[in-house]
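Alright, structures below, take your time with them.
Shared between the two complexes below is subunit A, which has subunit B as its partner in the first and subunit C in the second.
On to the complex of A and B.
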């Protein structure tokens, strides 16, 4: 369990006694907030520990690539692995079918293929050894193997609710389902028994009847935001930002507590290939526009707001800070913080000594 | 907070020049505009703190219409310093009726000490399903309360980045016109920085001065937000 602890800010209340009594899927954060994992350890680290309970996360989709689905899948799988009830809404006619595509946590022996810095590697080795003896020991956040589907028992035996937004004439049924779902997780900081997750995919997708009702959408999001804030839950909404009018897109952005956008990377872009190391492995970019600021007015200034989305071995979702390729003729090392040391093998060989 | 700890924002708002008998913001309407990149809610928090901790006038009352965050959020930030807070939810007409009820419930002499704080206006628009006429009417009614007869002050937070993409941002222009003080919060043009969180412009439309000419005052400075306070400084002058 110690392997996944990240450094918190000096203002956080680190109460080891209390946190050990809590379940592992919740971590104490600063200013009396609690974090749950997004399902992507790199994203948790960048956001300062995870997603604060009570947050509304919005993901601006790129209409050219389904990268938001990677975020959504990991988020949902993480919740199911931690036995957190899930409400999933999607514009497809059979949202339950999507659950079969959720990834499974990767087994410990696969983890060794990821290169970490030495300290974390030692930590992983210890954790792996302990895993032999503690079957039910859970981490705060898991690595997910996108090529292995989640075991069916994770979503057939527990509280997973699905709703299709395709044929809804308006958003009232969805709002009712969300409100009744969230009523099971009333806010109580002292003893968090259960936390819930809501995942709404492609709200305002054009194939839905209700997609042109812009003010209704805003009203729904606002109501959801305030209900989530007063519950022990986290909601994530993805939406096609290019299909919403610009002024409404801004309104949506203002309503989000945490706002990220995903962007596809053009194939065979020679300019980008020169600029970035490991360009071939990058499938897209993740931009973090806003970070949840609950119970505080201090803005979060992140070290990096643009991360590259990579699929390692086409199985593991990895987010890295961008590595600049060495400039021709400089002969120096690349700038930018490095998330993995595998980047050095693919440096464009223009070092002249 | 003692009277010696005046900062650039206080000066820009003219808070340092008010006498004891007048209401804290001098019966002015203050409009705060921000954007997605830089939130202006810290200005609201600072103003509320100033109003509630003003040593010169201990009977300040803040009427807080909070749509954006639950009260626990503000409670945490303001460290438990709450004034008398009330807020209606549905129906702008009912909301305004509630406001006048609170106003009338105050003793006669203290009516000028009422400050109505709205966080934020865009959510009133959402509640009114986009009928900006109704929202404007509501805001004009609130603004009317700042006239000499009542003497209340009004502080509103709005986001101006979604109006800028429209052809005729009538709503925003009308609000800016009606405001006596305009505070615009923007990110730095050069990008993110850990020690400077953004810049702000304060336009204070004073009434006519003694010689009869308008005395508009425009201040431009940068800020850094901390847990319990905000530092304001001129660009490059941060110690």
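On to the complex of A and C.
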């Protein structure tokens, strides 16, 4: 992955070096960018360290599965755990109710999946002055336990704003709220004081009146993208891609800095069980189509663009590369996804970048 | 399978979750969606009466058939309609949806009549009123508390004639998230609408049942008129394809065949499953480590140019000018002899081939670098 090599060239920015040490939620990235965690450690690793500040992440939902909610929940919880202000918009009439379903960070004693770290520590005795580096590393990104709800004090005491897009006649109120929210995080050369997160769920949901205003939504996304880029914030928008007309869907995809899509998988499918190991634990697929590249023209070439979504012990969200048997190797580009899961009506969601 | 659908509707909604919702869709090629709808309706009614389902009442929003049709149908299916006021309410949007007859009756032109056992609804363009009436009728059946009821919408296609998609979608999603609704199902004629309408309604439903014709051609006339009787027979049959969205995010796909009869619709299971769906999901890997049968056969048949074929014949050296067909090889081997210096009919070219491996002396200790004179 490109981010593992840090190249020092003569064109490096003068960064305030102290910023990385003071706040664990921000990590320094290449090319003068800072990373924020997505809430899923595996996804952070695949994306090259996290989500760069100032990027717009778009998630293409599959109308047959709620996996985008897993991504949203982890993203929002991570922000709340790090005390980052959050703006949440959803098509339900009571968005605040959703906050009660956010997962809580898992405590280390339950977390057997990270047991290999514990084993390392048994053999090593780490000098006391270096322990702080280990602690910092853990805090950037947490593992979340989907079965334990987040403590209420996380979202009642701090700045969490919720909007319902259900009854909005157009998107102007949403745009105003986003702009005023982002004005609290201006980008400047001094240290980053705080960062904000915006999460917009199901932007084009059919029950909203504004869902047929495609040009308006497009201009809203464009405005949001430019405002986020000049602020110390990250925005995530999920949208059901099958409900947007194809030309607009392509436009939205191009507007995204980071584009992922989630897919449902058929249940009890013998073919898939033969092709994939661990099929029983997989609940869906995550495809990464685009990775944010800010301040650079070098494209990111990922090791794997399709990850499987697993729920370990039904609690922890884990993304893994697919272990599959080699199959008929005709065609297939590195960024292409072939048809979608809705086989009978042959809607193909193929993307070719 | 139809049974699984009915079981899911019977089980109803869990606390804090959306109610299960079913879209039944059909096309003109196989217009039996209404048969499926009435089947589900009669099954749900039987379960409600027997007390086996979570829901205790049923509200039917009737657009395409009159309420008396439904009552007759339920009677024919063996459901007890005598006590119908206690568990079923039919919202009549069929008789006078836009209120025209009412207006004419007011001006004295038409005699007014009212249908018993049904609630007449004359304002289909007002979706808020429809929603509140559904909820009112439902809670009238089951009371206010935690008891739930089911809703059946006869034809969302008809509803969409009067009301735009976003309002219909809002109605359905509000009903789904309402505390008192146990399940909701509706019928849609998918070929009348834009793709967007169908996909939006599928987005809102947790089960999608589609009725398809057996032969894939869009109209029944495939040009073979001699087979008309077979076509006619097949017209009453079709494929019933269901997709269930499960809670863990997986999709369960089931296939059945159905047969339309006088008494109703009958489902039979189908054994052939197609595994083509999965091929599209997993990214194709660009190397192939295995040979198919055909490829193995081909490999065995390749004539290696300078080596023996392992079949006892003398070594033939292929100089590129003869055909590779086995029978002509046989002839050629008769012509040419062991030594390739004999003149052949093709004009005197010859190939003398020594295997490189023959050159090697297996136990040589020589260091080839010794040959260098430096």
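Note that in this section the second predicted complex is superposed on the first by the 276 of 353 C-alpha atoms of A that agree within 3 Å, B and C clash if a C-alpha of one lies under 4 Å from a C-alpha of the other, contacts with A are read in each partner's own complex, and residues count from 1 in each chain.
As a convention for this text, a residue touches a chain if its C-beta (ideal position, glycine included) is under 8 Å from a C-beta of that chain, and two chains touch if they have at least 3 such contacts.
Computed from a predicted structure; not experimentally measured.
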Inquiry  = Per the contact definition in the header, classify A:207: touching subunit B only (first), subunit C only (second), both, or neither.
reply    = second
Task = May I ask you to decide whether A:251 touches subunit B, subunit C, both, or neither, giving the answer as first, second, both or neither?
result = first
Inquiry  = According to the stated criteria, A:88 is in contact with first (subunit B), second (subunit C), both, or neither; which is it?
reply    = neither
Inquiry  = Looking at A:34 after the superposition, I want to know if it touches subunit B, subunit C, both of them or none. Which is it: first, second, both, neither?
reply    = neither
Task = Applying the touch criterion given at the start, work out whether A:239 contacts subunit B, subunit C, both or neither, answering first, second, both or neither.
result = neither
Task = Figure out whether A:289 sits in contact with subunit B (first) or subunit C (second), or with both, or with neither.
result = first
Ask   = For A:64, is the partner it touches subunit B (first), subunit C (second), both, or none of the two (neither)?
value = second
Query = Taking the superposition as given, does A:266 touch the first partner, subunit B, the second, subunit C, both, or neither?
reply = second
Query = So, A:305: does it touch subunit B (first), subunit C (second), both, or neither?
reply = both
Task = Identify which of subunit B and subunit C touches the larger number of residues of subunit A.
result = C
Note = Overlap of subunit B and subunit C contacts on subunit A, residues 305
In the complex, subunit B residues that touch subunit A = 36-39, 41-42, 45, 67, 69-70, 72-73, 76-77, 122-123, 126-127, 129-130, 159, 161-163, 165-166, 192-194, 197, 225-227
Key: Residue ranges of subunit A touching subunit C (in the complex, touch as defined)   = 63-67, 91-92, 166, 205-209, 211-212, 240, 242-243, 245, 263-272, 275-276, 283-285, 305-306, 309, 311, 322, 324, 326-332, 336-345, 347-348
Request  = Mind listing the subunit A positions that touch subunit B in their complex?
outcome  = 11, 31-32, 214-216, 218-219, 222, 226, 229-230, 246-251, 253-254, 259, 289-290, 293-299, 301-302, 305
Query = In their shared complex, at which residues does subunit C touch subunit A?
reply = 165-167, 169-170, 172-174, 177, 196, 198-204, 210, 212, 241, 243-246, 248-253, 275-290
